[in-house]
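Listed below are the structures to be examined.
There are two complexes below, and they share chain A, which is joined by chain B in the first and by chain C in the second.
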Partner chain A sequence: MEIIEKIKTNKSDDNLTEIQKICLNKLQSSPLPNPKSELWRLSNKSKLSNFLDYSVNKKDSKFDLPYSKNSQSTIRLIIGENCQIKLIEKNYSIQQLSEDELQKYIMEQISFFKQNENWSDLLNLSLSCKDNILGLKINGSKIPPIEIFSHASSNSFNAKTLVIFLEKNCDVELLQVNLGKENSSLSQSTFFCLKENSSVNHGVVSYGENRSNLLNSLNVIQQKNSAYNLGSLHFKFNYARFEISIKQSAGNAKTNIKGMQITKKDEQISTYTKIEFNGPNGFLDQINKSLADDKSHAIFEGSIIVPKIAQRTDASQLSRNLLLSNLAQIDTKPQLEIIADDVKCKHGATISQLNEEELFYMRTRGITLTDASKLQLSSYFQEIISFIPISKEKWDLLDKLLNEN
Partner chain B sequence: MQSKMKESDPILEVENLSASTNNLPILKGVSLTVYPGEIHAIMGRNGCGKSTLSKIIAGHPSYNITNGDIKFLGENINSLEPEERSQSGIFLGFQYPIEIPGVSNLEFLRVSTNARRKFLNKEELDTFDFEELVKEKLEIVKMDHAFLSRSVNQGFSGGEKKRNEILQMALLEPKIAILDETDSGLDIDALRIVASGIKKISNAQTGIILITHYQRLLDEIKPNYVHVMSDGQIIKTGESDLALELEEKGYEWTDNFIKET
Partner chain C sequence: MVNENLVKDVVKEPYKYGFVTDIETEKIDKGLNEDIIKLISQKKEEPKFLLDFRLKAFKKWQKMKEPDWAALGYKKIDYQDIIYYSAPKQKEKISSLDEVDPKLLETFDKLGIPLTEQKKLTNVAVDAVFDSVSIATTFREELAEHGVIFCSISEAVKNHADLIEKYLGTVVPASDNYFAALNSAVFSDGSFVYIPKGVSCPMDLSSYFRINSGDSGQFERTLIIAEESSSVSYLEGCTAPMFDTNTLHAAVVELIALDDASIKYSTVQNWYAGDEEGIGGIFNFVTKRGKCLGKRSKISWSQVETGSAITWKYPSCLLLGEESVGEFYSVALTNNLQQADTGTKMIHIGPKTKSTIVSKGISAGNSKNSYRGLVKMGTKATGSRNYSQCDSMLIGDQASANTFPYIKSQQPNSEIEHEASTCRISEDQLFYLQSRGIEFEEAISMMVSGFCRDVFNQLPMEFAAEADKLLALKLEGSVG
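After this line comes the complex of A and B, so read on.
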């Protein structure tokens, strides 16, 4: 069945919002991403088609959080659970965006959408109902850590949307957790707008259960002197795509990205990043790691775009990959598109296997091959994990999940 | 080639050992027996098979034993995994200790020590008890506690890496330690610290094999026997003065022994 037919089947409700109507129209005019486009050519067609096999779930079933709050001050929100928030404290405020503000911002974003690049967002916004869109305006400093959960229930499709405005001079730590239950599909689109001098440590941790799928799209706009730090981890999905689009709207901003995807069995997880510098003195430091085992497939495609206006850009993009099995597959393509002539840009990619000499060294110290491999993998994760704003308790949970077969 | 009558059983017996890697013969019939309390030195030109011998005794998976046996405490260990050899008391000090970024030295040492303790039916140590033990052992090699919080060997100087090896030896309390060019890359002070550490750890029940190019380590730790290796074979064995003679005459002198062999 064609994907658009599945969407139509899912959308029996006539009470569509303006955003949904626009996105659905765009999808109808070109229902599928072009399989020949660079962004979709490696995507497993059958897995993508299965993504919409479940019917849309508008009302979430009761959701058990994977871990308890380690601090009372942590602000925890679950998209789709009627979360109402209005916190106005001495140093900071967190308020929900009004419907008008949300609509205006999303409409503006849609006007820039390109069919292949933003297919995941179009799908998300055509299916995400009002209750599943959370918009926040965050202001101030000394803000307690924020955790935002999105989840897909078993045997259903859930579309969740998050919009965040970080006001001028705001400084925040935000962890987004995307969870897929057994046989589920989660579409998560996030729109982040960092205003001047704001900074965020953003963690994105996504993991699923048996046969769960994820389309995770992250759109970030950085104004001058903003700092965006992203640490991400995706694992345990039958099929997952993490699409990152970051635009330094006037340059003079800093972006740090450390991402990791782990694939096992016959899973396919991919990360696509597009970083655009639209002004001078931009900075990017990006590393993406993949680890592929069994018959799985991990993909990374990254592009850095440096137009003429973006003089004195300093950008680095590295893709490091570890193949754990002869049948696993890794595709990686970091790329630069540079027009400006006064820039410092580098990129690179490596694909390797577990280091035999490291393993032997550990084994000569009495550590079994299994434990030595685990230690080596933990060390491989460490650089990324340490960049994700998570506490030890949460990491213990992740560590357990990562070590499950 | 042991000249003395031994009162106890040997710790290690290498009997006519031949080994290859990628079908290339490296060892061609090496025999060596180490009794408790003995210190053996193995010398020889680069590429003669000294390090390979140490790796094969430790169980490196890249080498195939094509002939001969390695016996440890009377048991044939040819088919044991490296970790089983280590747990039972064989220690290999690496010429180039491996860096393992992201793995804390303290945790690595604790896991290793507990693997050995488990084999010895000793209680495994939790983090606090291990801290106490490691503090005591750090003294032996005069290492700063700060090294424990760093990743294994990462960013360590050559001397610090070698001291970390001896620290591991002190924690694992092996029956036999094979130290592959432990003296390379050490300044005089560091060499003395390392040598003094080795002497403190060794006792009448343990055996040591020192692989070295230089007399200066043997000035600090006097060996009972010196073996000269060439082209995968031990071509001469003597007492400690053989090393002095070798230092004076160079390896060209040993070429005559090859002809005799």
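After this line comes the complex of A and C, so read on.
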């Protein structure tokens, strides 16, 4: 594991930033996550070591975007391509965070990190160099949609970091695309801070290629009256983990999450979510869908934490899973931890295959089995895809999902 | 908030079964080592295979670590500070109940357990276990007429050694977990049931566990075997006196159901739970597991857990036989500083197996109540189904309710459904009941009883009534 060796030996490199030094220091005592902990128990060990088995790439080669710009107004940013942005318009402004602001915010976040729970972030921050960190401060309304790309070049390990501040009363649509090239590893950490009354429709599409790996971590802090909507899709990765941590810092906020992961061949994709309500009147509606085919393994673990202060929380979580092959596996574990008494919390989980009655019905109407299954799958996917902003019409994700492989 | 002051005014009902029976007991020294195990085995005049079983388990236990994954917090148990064998002194052989120490009979009478044969009307056969030994088993002759064997496990070791050797440790192996290994090494008594082929047991069987001394642990072992096409309903009850020290109870229950057999195992657990400050109470670490070996066999667990300072208990079913059925119905109530981490495991191995889980957790006071369950569909479990429902009710804003269901499927041709919800006493319902002249306390208890209805319906009649009363009693003074 080249990366781990690097972490162990890398002690006093003067080029390192303060953040990198702190994270490296934290990692050095135990460079790998505890394989027995709940968060890492099901993770495939050899896939994880494969993920860490590339050398760190600091400079990216140019890469081709997967689809052309939707319209002139869309703002496109590519992390690592030294993009400078400063847009100050009548209704809105998008500016880069100053180095001080960035450092201050990340340092504050690190102080809450736990070795095991935030291992992915520690790894990311210790390896992501200055050029690969993008910090944005977004203000105003009627902002054109924003697309942010992060990608991994072949045969290398790439660490990219994104920090976004949404100022008060701001309203934005943002799509994050993570692309993995053949034999690559991408570590992507995203930090979102939603100030009061702000709202965002956030899309995360992670799309890999042959034997690419992804460690995607998303940390969201929601202040009062903010609304965070997340639509995510992960597919075609040999090994991928999507770790979501959302904190409603003072309650009274809304969170909607619709996520999906699709595994084929011998892939392993997992989603871990942790949603904490630190104030009253919080709202959560979450659905996570998985589809596992061939010899693959899909994992979902979601926890909802409602402490005493979070009275009148309304949270629901649903995990729906399709298991399509005899050799595939699905693990799902929705969890509730509740101390407040005046709350409405529920969760559900199902694992099944395609509905036979529906298939039969369609076949009696002359639709072939393949088409009937595709129809069923497309309705299964559609609920999530339609929730992902921007890309939904232009980038034909549904076609990609149904027709590839 | 539901009227808090009213609640605080309500008189608290003390733990009814908290008395100690003053009886001469034979205890061995504190501590655990090979010599102690040999001594226990020798006292019980056990055959060699059992001593070997114990010693092997002890060796494994020494290498094991106490599990810490449960959502429980308790001070470390000193396993060398426990007496592993304690028995009331009585005449060597007892031929009839008349020879049992009257003080013991009186104890069980006080607990409402009919040991004297006059109380035949109740039509429940009882095996009464006092500390480490079984003191009496009723209705043996009647049961023997049907070929049913119902006796203490020590007697079974002597009289039916072949069955014990064949089945003991086959469902819960000695190395299964820390507490099962400890039990396998030091188990002192428990019940043994054997239902022969084609027999439907003519009456409910019951065992009653009573811990009497404060410094000895209770480690009983129950083994129930239901042969082809047989059926049995088994009830288990537990109480203990009030001590301000914690007493350890680590039991193992093994059930085996062959083709078309069915076993129904019901528990009302009311060990002493400690006082409001959390002082004293039983540490209840129990491993219960049933194996549906045969085709169309069925094992049903129903439990009402109201006592114990700590409950760590996961009655499980291994569904091996084709079309076998596993069921788990549970009500767990925690109050004051009680902690419960309970649930079930349904392991679907054979094809067309079915399981149902209904769990109701009620947490009041400062207590912690967790449901932890596993549903697993193995690669061969085609056409299998599981349905789970876990509901929690929170009473007061200091209690916590957690749900941790693990679901794992390796079989596309199976279906798993799980749902969980959390709620509290509905103020509308409470208002409605109170406006009809029903007292506050009674209204709460009616609502709790309604919340648990799905589970109570599964309990045998005499237990259902008792459970209802028990719940109302336990909640008294805690509703807020």
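The criterion applied here is as follows: the second predicted complex is superposed on the first by the 384 of 405 C-alpha atoms of A that agree within 3 Å, B and C clash if a C-alpha of one lies under 4 Å from a C-alpha of the other, contacts with A are read in each partner's own complex, and residues count from 1 in each chain.
Here is the rule we go by: a contact is a pair of C-beta atoms (placed from the backbone, for glycine too) under 8 Å apart; a residue touches a chain by one contact, two chains touch by 3 or more.
Because the structure is a prediction, the values reported are computed rather than measured.
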{"item": "Partner chain(s) touched by A:His347 [first = chain B, second = chain C, both, neither]", "value": "second"}
{"item": "First, second, both or neither for A:Asn34, with chain B first and chain C second", "value": "neither"}
{"item": "A:Gln311 touches, of chain B and chain C: first, second, both or neither?", "value": "second"}
{"item": "Touching partner for A:Pro334 - first (chain B), second (chain C), both, neither", "value": "second"}
{"item": "Which of chain B and chain C A:Leu324 touches, first, second, both or neither", "value": "second"}
{"item": "For the chain C and chain A complex, residues of the former touching the latter", "value": "377, 379, 392, 394-424"}
{"item": "Residue ranges of chain B touching chain A (in the complex, touch as defined)", "value": "58-62, 81-83, 85-87, 91-92, 94, 97-98, 100-103, 108, 111-112, 115-116, 119, 151, 168, 172"}
{"item": "Of chain A, residues touching chain B in the complex", "value": "356-358, 360-369, 371-372, 375-376, 378-383"}
{"item": "Chain C-touching residues of chain A, taken from the complex the two chains share", "value": "308, 311, 321, 323-326, 328-353"}
